[in-house]
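Two complexes, one shared chain (chain A), two partners (chain B, chain C).
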Partner chain A sequence: MVQILVYGAVISAIYAMLAVGFTLIFGVARILNLAHGSFYALGAYLVYTFTANANLPLWAACLIAVPLVGAFGVAVERILVRPLRRSMLAVLLITLAVALMVEQVLLLIFGSEARNVPSLVDATYHFAGVDISAQRLLALGGGVTILAGLWLFMQHTRLGSAILAVAQDAEAAQYMGIPSDRIYSLVMGLSAAIAAAAGILVAPFQTVIPSMGLLPLVKAFAIVVVGGLGSIPGSIVGALLLGYSETIVAFEVSIEWSQIVSVAAVFATLVIRPSGFFGKRASF
Partner chain B sequence: MRRFLFPSLMAAVLAFAAGSADRALAQTKPIRIGVNTAIQAQVGRDAIDSVRMAIDEINAQGGVLGRKFEMIVADEGEAASEGPKLGIAAVNKLTSEDHVDVLIGGYDSGVTLGELPHIARAKTIFLGIGSASPAITQKVKDDYQRYKYIFRVNPINSAKQSQALLGFITGKLKGDLGYNKISIIGENAKWVQDMVPDIKKGAEAAGLEVPVAEFFDVQTADFSPLFAKVKDSGSQYLIVIISHGASDVFVKQWYDAKVPVPIGGIDVKGMDANFFDRVGGKSIAEVSANFVLRAPLTPMTVAWWDKFVSLNKRPPVYTAAGAYAAAYIYAEAVKRAGGTDTDAVVGELEKTDFVGPAGRVQFDATHDVKDGPGFVNELFVQWQANGERVVVWPKELATGKMINPPWLAQN
Partner chain C sequence: MRMFVLSPSKMSMFSVDWLAGLLALLVLAVAPWLFASGYVIGVMTVALCFGIWAASWDFMSGLTGRENFGHSLFIGAGAYTAGFLNVNFAVNPWWSLLAAPVVAAVFSLAVGFPTLRLRGPYFALAMLSGAAVMQNLTIIFSRYTGGQDGLNGLDPIVDSTLGYYYLTLVLLAAITLVLKLIAASPWGIILRAIRGDEASCQAAGINVTFYKIASLTISAACAGLGGALYAHYQLQVGPDLFAVVLSINIIIMVYVGGIGTIYGPVGGAILLNVLTESLRVFSEYRLWMYTLLLVFILFFMPQGLIAPLWWRLRRRLSP
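Now for the complex of A and B:
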């Protein structure tokens, strides 16, 4: 029972970090970003490069990698997405192209073998029959901190209010003097940085291969379908639901069946409530 | 009459001359080896480099029957990511467009099984060097005329690997270490599906308790629930069978959680010489079956290993040993057959007796490589301090003592 609680919390926090960025950029800019998993992969690979090739300390590598991926997200929005934003299909295709390009570039540079990103913390904790690495607990703490920080930023800063205003009505916000184009870029950067942070926190206990962005994208997609596309609270609820469902199935039934949970959840949501739990409400 | 006879005679002479020219061309044109493999993986790259190494050696000695060898490569991917379609396209290209004389390759059994009908239809010899499913050579047994072109040079099939693993379990774990309770987990892939029940049955017949015997998806990203289940079961050892799944994730999560159960079995990526570095040393004490190592397995092994390392700046994996042997086995069969006529070469391949880097290669009636003493063997190799590899089983080939992971008391 304690195992399910602890491991479920860790996996839910990771899922929430992935889903919140994915839903944020959709909620604000209506960009269905298929390159979201690439930001996650780039975070992990940049830390690997900075530590293994440039011999930087791990903390420094993390501090450099997150804003770099954020800047890459801004560049993708500014150069590739913005000219095509009027067509959702074109945006979908260009972000898919970015995802494929990133994967191929990683493959060319690093090859297909898994790379090792060292743990930020090495300890292992044993309590109430649970054996858990400190890195997983760090991922849980990091996830909660990032989500709390994002909430504070959105609710208590002028920039956050501007993002909320653009999300509610971009045209009205523009009339009020809010530069919606800049907001879109900022949100894309923020979304990319959160995905990169997730990649960095998870990489020490996950595989670091060029295609590592695909599964997180699928999970993020499943979560936002369940929670409601464009809703941050919906994403968090969806992440908790999927994280705990998968963990319960893995512990109580079989690990082999845990992967089908997200597919079943998406299917059930689309049949019963196509807009997701929070989809019909305001975005935030 | 003479007016008619002369042109006819001329035509006959020209036709004979053209036929002779064709035959002469056929006798001098290179013998083409098609390599169908997963080129993005180390098993694929090593297979390619090893075939190249063998070809260069054969060509340096003048080739075979005056003909040089050349290699054409096609990517067959992995079933876990692409299914068999890429492999089928690869063998169709190699056989119908490039007109190769022989195929050397295969890594993923699911892909190889998809390719077999196409290889058989093209009547092209296939020397398998990576896939382990017994279903591959079973085709030869079931329909010899159609599938006689299929041979497996390497590795020993998964049923035989099961027996070798069972030998490790009963001989080393129960016999030497006195364990009486183990768990078995394996990825849900074609080559493992029969292994897990067989090994469980064999272990139980030998008096071991097996409380957990489960499959996991090849895409599994979190092994914690399995580790918790194995720990709670009171198992003293965890047998794992994994090839296409994420070995690195499995090992890292086991090490990070300091799971109080040692691990070992068949970990195909764990065979890679740089695996220890790739997982930051977290494979310490993992035992992984292997087929080739820098050890005097045959008189050829050490020299072959060193040459491969000097040419490619990396140590080889098991497919390299098979690919090198396969190229030589084919070359010798062509020499004995006096040409590349497929049926004649198949007949000669059946008589193969070749000592390669991983052992002596002979084929049984189903064209599968023989195993056992004197032939290709499965070695159980443990990662130890500083990435050193030590053979811990079979007993007669052991090069060191088996250790426990650092967080457990040593045996």
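Now for the complex of A and C:
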């Protein structure tokens, strides 16, 4: 029981980090970013390289990796996505191309075998009869902290308000003097950095392989559909819902069936309430 | 965007199109005799399977503009149907050609019904996830699917390689012809109109959802048929048939050929398959080069390569 509670919370926090970035860039810039999973993979691999090859201490590796992936996100938006933004089709394809390229580069450099990323903290806590590794608790704490930070940033800074303004109406925001193009880049960088942080936090207890970005992308999509495309609170609620139901199914039924949960959730949401929990009704 | 307009002056162009199609078919029919090696015939058979997949992808996504990022879902469904029937129940392989399209069509309804009613990116994402999840499921439920190794020991539909090549060629030609005819009919015009402006189509009283789902089902059935053909040719099916990479390869072939033209993607599929085989040395970098090619085409030749070439040639031919 305690195990379900804690494991579910950890998974939900990670899912929420992924889904928030995914929904943010869609809500603000209308970019459906299929490269989102590759930011997650890049985060994990960069930390691996910095610690294993460059012998940096782990905390330093994390501090370098996150902004680096953020910068990569900005570069992708500026160079590849921006010229094609007129057509949603082209944006989907170009982000997919980025995802493939990242996977291929990782495959060429690191090969297909799984890599081990060291834990930031090594201890294991014994709590109410179950063992829980400190790394999982750190992932939970880190996730919550980052999400809280994001919320504060969005609600209480001028830049955050500017992002919200562009999300509501890009043209009107432009008339008010908000450079929406620059906001798009910023949001892309932000969402890439959050995804990279999620990748780093789970890397010690997940298999780090070049194709590790695909499943998180699928999960992020499921969460965002359940919560409502473009809504940040929606994606957090969706992450909790999916994280817990997956954990419960994994513990009570079997790991196999937990894969089906997200598909079933997407299917049910689209049939019953296509706008999700917090999505705008008007767009349907 | 080019549309077919049935005016008398353009009718002659139609016959040029027919002639070119026949010529292309003839070239493909004599190709095995020119090279006369089992290896080349094998490569060409696989290329023709890709041609079926690319044409069927283009029929739905190229015409209506709803990007399908998980075409491999239908291919895998068709191939596994063929595998199950043939390996587990020892059904005559010819039945696969009937059963695979049906199963793929059922899959397309399952994905299309909830997602194609909606506007927005739901369809593209649902297809991508659907294929990824199916690939996972084949590995998870390995008791029935053989896991990573897949199902082995399928019977070929036709025993000789040359015979199989001609079977595939005939089916490819038939599918291309039918899809092209539908695309040029009022049906196809409605599909293209949906790409242009869905809301206006709805306002004009067209049941947009029906047309989208029906065209997806046709596309899926063709892809499933291609999947069964491929499975009986390789004598093996594996989870890779559901892989996202396969869907992407098909999309790249469509873009190289020229999106929305049906015949272009077939050319793109054959061209890229033959190129891939001749560049075997770089096999590690193949996907990487494919992706670069896609980026290049998206930025510099949004019309593709093969269809615009043909348009230019046709203008030269008919003054």
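Criterion: the second predicted complex is superposed on the first by the 280 of 284 C-alpha atoms of A that agree within 3 Å, B and C clash if a C-alpha of one lies under 4 Å from a C-alpha of the other, contacts with A are read in each partner's own complex, and residues count from 1 in each chain.
As a working rule, a contact is a pair of C-beta atoms (placed from the backbone, for glycine too) under 8 Å apart; a residue touches a chain by one contact, two chains touch by 3 or more.
Since we're looking at a predicted model, the values are computed, not measured.
On the superposed chain A, the positions of chain B and chain C overlap enough to count as a clash. In the superposition on chain A, A:Ser38 contacts neither chain B nor chain C. Using the contact criterion defined above for the overlaid structures, shared-chain residue A:Ser235 touches neither chain B nor chain C, since it reaches no partner. Once the two complexes are overlaid on the shared chain, A:Leu93 sits against chain C while remaining clear of chain B. By the touch criterion defined above, A:Leu80 reaches chain C but does not reach chain B.
When both complexes are overlaid on chain A, the residue A:Glu256 reaches chain B and chain C alike.
When the shared chain is aligned, chain C comes close enough to touch A:Met101, but chain B does not. Touch criterion met: A:Leu215 reaches chain B and chain C at once.
For the superposition on chain A, the stretches of chain B under consideration are 7-15, 61-69 or 79-87; the one running into chain C is 79-87. With the contact threshold set out at the top, residues 215, 256, 259 of chain A are in contact with chain B in one structure and with chain C in the other. Chain A makes touch with chain C in their complex at residues 26, 32, 34, 80, 83-84, 88-90, 92-94, 96-97, 100-101, 104-105, 108, 214-215, 217-218, 221-222, 225, 229, 256, 259-260, 262-263, 266-267, 270-271, 274, 283-284.
Remark: chain C residues 65, 67, 69, 114-115, 117-122, 124-126, 128-130, 132-133, 136-137, 140-141, 244-245, 248, 251, 255, 284-285, 287-288, 291-292, 294-295, 298-299, 302 touch chain A in the complex.
Here chain A touches chain B in the complex through residues 3, 7, 11, 107, 111-116, 118-119, 124, 126, 129-133, 135-136, 204-207, 211, 215, 247, 250-251, 254-256, 258-259, going by the rule given at the top. By the touch criterion stated above, chain B contacts chain A in their complex at residues 40-42, 81, 188, 214-217, 219-229, 231-232, 246-249, 252-253, 256-260, 269, 272, 274, 277-280, 407.
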